[in-house]
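One chain, subunit A, appears in both complexes that follow, with subunit B as partner in the first and subunit C in the second.
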Partner chain A sequence: MSIGAQFYLTTILVYIGIDIIACLGLNLQFGVAGIINFAFIAFQAIGAYTAAVLALGPPFPGDFQHYVGFGPLPFPLPILIAGVVGGIASLVIGVICLRRLRSDYQAMVFLVVSLMATTVATNTNLVGGAAGLSTVPKPLYSNLGLTLVGYQWFYAALTGVFAIVVWLAVRRITNSPLGRALRALRDNEHTAQSIGKNVQGLRLSAFIAGGVIAAISGALLVLFISAWAPPGWLYPETFVYFTAVIVGGSGNNLGVAVGAMLVPVLFLEGARFLPTVVNPTFIDGMQWVAIGALSLAFLWFRPVGIFPERARGPLTDKRGGQIEWVRAMLVRAR
Partner chain B sequence: MGPRNARQGSVIKAMTALPNADLATGGNSAVSMADGSAILATDGLTKSFGGQTAVDHVSLEVKAGGITGVIGPNGAGKSTLLGLVAGALQPDSGAVRFRGNDVTGLPTYRRARAGLIRTFQISGEFAKMTVIENLLVATPRQVGETWRGYLLGRRVWQRQEAEAAERARAILQRFSMADKERELAGGLSGGQKRLLEIMRALMTEPTMLLLDEPMAGVNPSLARTVEDHLLELRSDGITMMLVEHELGAVRRLCDRVVVMARGRVLADGTMDELQGSHEVVDAYLVG
Partner chain C sequence: MSQFVASIGFGIVTASILALAAVGFTLQFGVTNVLNLAYGGVMTASAFIAYAVAQAGAGLALTLAVGAVFGGVASVALNRVVLSPFIRRGIGVFGMIVVAISVSVMIDNGLLSFIGPSFFSLPFNQGRSFHLGAMIFTALELVIIGLSVIAMLALHSALRYTRIGKAMRATAADAVLARGCGVATGRVIDLAWLISGALCGLAGVTLVLNLATFDTTTGTGFLVPIIAAAVLGGVGQPYGAMLGALVVGLASQISTLVIQPEYNTAVAFVILIIVLLVRPTGIRSEIGASRELAT
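Up next is the complex of A and B:
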């Protein structure tokens, strides 16, 4: 494989890993707990900014970069601390937004939170303003002594490890009585309350867990692309993730992982290969239309997504794993 | 400021002004409840919506065991009363005591954990979960629902889950719904959803059930089945408070009936006593 192809492939692999992590986090909030978090991308941004700030070293003379301080911290501290900061931010925002509001109003409040976050980040010099942060060093790059392409492969593997850890952590929630209680409050909040579930507490925990995961995905992203600025996390980006979750199968971890490969990666990346029509920005603009149309089409014709949520029995029952389940699906399709 | 002060005031009132029966039999201990003292008491419960007083100084006592019916014309405040008792609504003034404790300020889930479980007039099933999951989720005090259970993993909640599954299957059997175990609750018929409400309430091991029209929208033969189940639960020792429109069912089920009209308690007694009362007959039974 040529260097260029390897470079491209590894970049796609990293994006797939990061998008799977993000979609698993959003699925926990939206697919499992029913929280319509339209500010999801802002939590990814919080993680990215945190990791960038902590990875950047002190300024040197004549440098254009805005330095906040604290750094440089060694790998993997920027990523882990980004997760913690994402969790704290989720706690604060969740306590304000999740209480005493119906879920459709919560969705609107979250959308406003997302807009506010962009406005604040753009118009203050807290994290570099509109220019954002750049020249974020790649973790372990100088220690490993790899070639540029070699490092790409390393980072793809690193993202894969994080994706697996997040997958296992999320699955441990969804395959437990905790996940069942979350799905119950998603389906009917009042009934959940009437059988003794602390709906506020459960919802807040799912929101925080999703926020931590979002922040980790953002941290991995910024350490890979080395730069982060407000135009990269405008509110429509949240809808790309929502579309991925809906297309893949809301509430099904395997489904949203597939959705993460299909929507943000294949769908958006694939557009790169389309010939230029009308004018150079046409395809770019049409992508948003297509994302919206895709999620609408699924909500209309197949709201359960490609891989529907599984019908579960008692958690102690013997059941086929994910692989058996996929096999059963394929057999049924045939 | 208003409700809180009013509540404190009424607690004192409850302690000073509700002595007779309660204190004579030894107050609020569990022992006295078993031999028929009040398991649930409301004291001057009042709730207004806008200018409309839906529940107006309602003071009731429900003894342990037996089924208490609440009847009355539309808009009499029956469902509001149920909501106040269950904790879905907070009263403007007055207090609710359950098993001797003031639960007025407690949220619904805390009352539910104390054993006071309500069902809904409109079925509130968890639609995208299977029937058995709808029951399992109601298991009280699940270790696997806590973050401790999450961190320690399966081994700390496995046994509880297995026991819950056994209990859930026994309940499904009892309600002749065993074959629906793996069906999504959202796909059940209206009558089956009513049964699911009761089964789920049972899973919580309740002390007292608040049933909001459990036979609403159910065909007559299934309604009789629901009635039979409720009578069985009664003989199991579960106290029930039942809001119901169909007077035939109320006659068959209820040991005592409370008649409400315009937010107030109009009469209180057995169905036979009530039908002898001109006031009640005028207000409700005839129309």
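Up next is the complex of A and C:
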């Protein structure tokens, strides 16, 4: 394989890995716990900024970019601390936004949080303002002594390792009693509460777990691309992940991983190969219109996604479907 | 002190625009129970239609009228073509908000595709200025304030004193019961989208009249104060939204005395957070937690 093709392939692999991590995090919040977090991308951005600032260290005198920096810290720390910061941010925002309100009302507030986060990051010098941060050093690049393309393969493998760890963690949560409780409150909040589940606490824990994962995905992304700025995490970016989760099958980790491979990469990368027509932003805009149309199409024709969530528990038949009388009861209860 | 009074003047202008937008937004929710996140996109689209008309030589009145009509028609179309079919398919509030954001992304980026990232401004100058104590209003600002006051009074009388307004309030309170009592809820809902859409279009045009420049993201960027005003007033409550708009509009302008003007949307955000912490349902009434979506 030529160097160029290897370069492209490894870049796509890293993106796929990061998108899978992000979508697993979003699925935990949206697919499993029923939280419509339209500010998901802001948590990815928090992770990215944290990792970038920690990898960069404080700005030197006369530095062209202005930000508040610490460190620099050695390799795994920026990513791990990014996860912690993402979790803390999720706790704060979750406590405020996950009040006992209708899910769409929460979603609207999250959208405002996302719009606001962009405004704050753009207009302050906390994390580089509108220009963002750049020249973020690649982790272990000088220590490993690899060629440029060799390092690409290393980073793809690193992302793969993180993706596997996140996958195992998320699977552990979704298969545990916690996951069952989350699904119960997603399907019927009042029933879950009536059997003694702490609805607020459960929802908040899923939200924090998702926030940590989002921040880790952002940290991995920024250390790979070396730069991060507000235009890269506007509110529609969250929507790409939502579409990926819906297309793959919300609530189903495997489906979501497939969705993460299909939607962001296929749509956002595919457009790169189209010629420029009408004006330079035409293709740019149209790929978003296409993602919107894709999401609407799935919500209309197949809201359960390509791989529907499997029904679980003792009251299901061999193929994972609900037993007929259970289904009848559920319909009546509704 | 005179600076303070002057900032109240700016606040009144902002509040007037915000009132148009927030009342439209909240009315859509009140009657149909749909939180229409594509609202900002429709505002922007109306502004661009108005811009095209103004470029073709239309006067201020015609430009505003075209913006309002477009906003109304586009909102009815949005409901008939996308939102209402999804509701009839039984999607529920959970999926509906994702549908709404899909539409929002599609409108914003559809506009970006055809218009591009350039900045535009409407070709109307501010006119002569009038002094009211320390407050200074330009002729254009007085038109905006007047328009907003007239729209609010008209909406108030329509809701309060006409049969159709009564029908609308009945549908907002309980669509099934209203239908049972012989209210043609389908027609009422169309009308609600038309009226709220017209307010949305009007808000879009007045917003860009008041701004030096605008682009394809202007309307969605304005969603923060709109939602803050609507939530403060209690979503679904037109009178609450008017009050909310006044509070958010004044607060965001008065705050510029102490903080940089770039942050005045942050003031709206802070108000929203305080409301969520203290009284999540807003000043007026509860939001309908168990209500059905109305087609």
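In the analysis below, the second predicted complex is superposed on the first by the 307 of 334 C-alpha atoms of A that agree within 3 Å, B and C clash if a C-alpha of one lies under 4 Å from a C-alpha of the other, contacts with A are read in each partner's own complex, and residues count from 1 in each chain.
The working rule: a residue touches a chain if its C-beta (ideal position, glycine included) is under 8 Å from a C-beta of that chain, and two chains touch if they have at least 3 such contacts.
These numbers come from a predicted model, not from an experiment.
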Subunit A as common anchor, with subunit B and subunit C clashing or fitting: fit
Which of subunit B and subunit C A:Leu115 touches, first, second, both or neither: second
First (subunit B), second (subunit C), both or neither touched by A:Gly69: neither
Touching partner for A:Arg172 - first (subunit B), second (subunit C), both, neither: first
Subunit B versus subunit C as contact partner of A:Lys197, first or second or both or neither: first
Subunit A residues touched - subunit C or subunit B, whichever exceeds: C
First, second, both or neither for A:Pro303, with subunit B first and subunit C second: second
Nearest Cα pair across subunit B and subunit C, whole Å: 9
Where subunit A meets both subunit C and subunit B, residue numbers: none
Contact footprint of subunit A on subunit B as seen in their complex: 86, 88, 107-109, 112-113, 117-120, 124-130, 132-134, 136-140, 142-147, 149-150, 153-154, 157-158, 161-162, 164-165, 168, 181-184, 200-201, 203-204
Subunit A-touching residues of subunit C, taken from the complex the two chains share: 35, 37, 82, 86, 89, 91, 93-99, 101-103, 105-106, 108-114, 116-117, 220-221, 223-224, 227-228, 231, 235, 260, 262-263, 265-266, 269, 272-273, 276-277, 280, 287, 289
Complex interface listing, subunit A residues touching subunit B: 172-173, 176-178, 180-181, 183-184, 186-188, 190-199, 202, 205, 251, 309, 311-317
Subunit C-facing residues of subunit A, complex: 34, 36, 38, 96-97, 99-105, 107-109, 111-112, 115-116, 119-120, 123, 235-236, 239, 242-243, 246, 278-286, 288-289, 291-293, 295-296, 299-300, 303
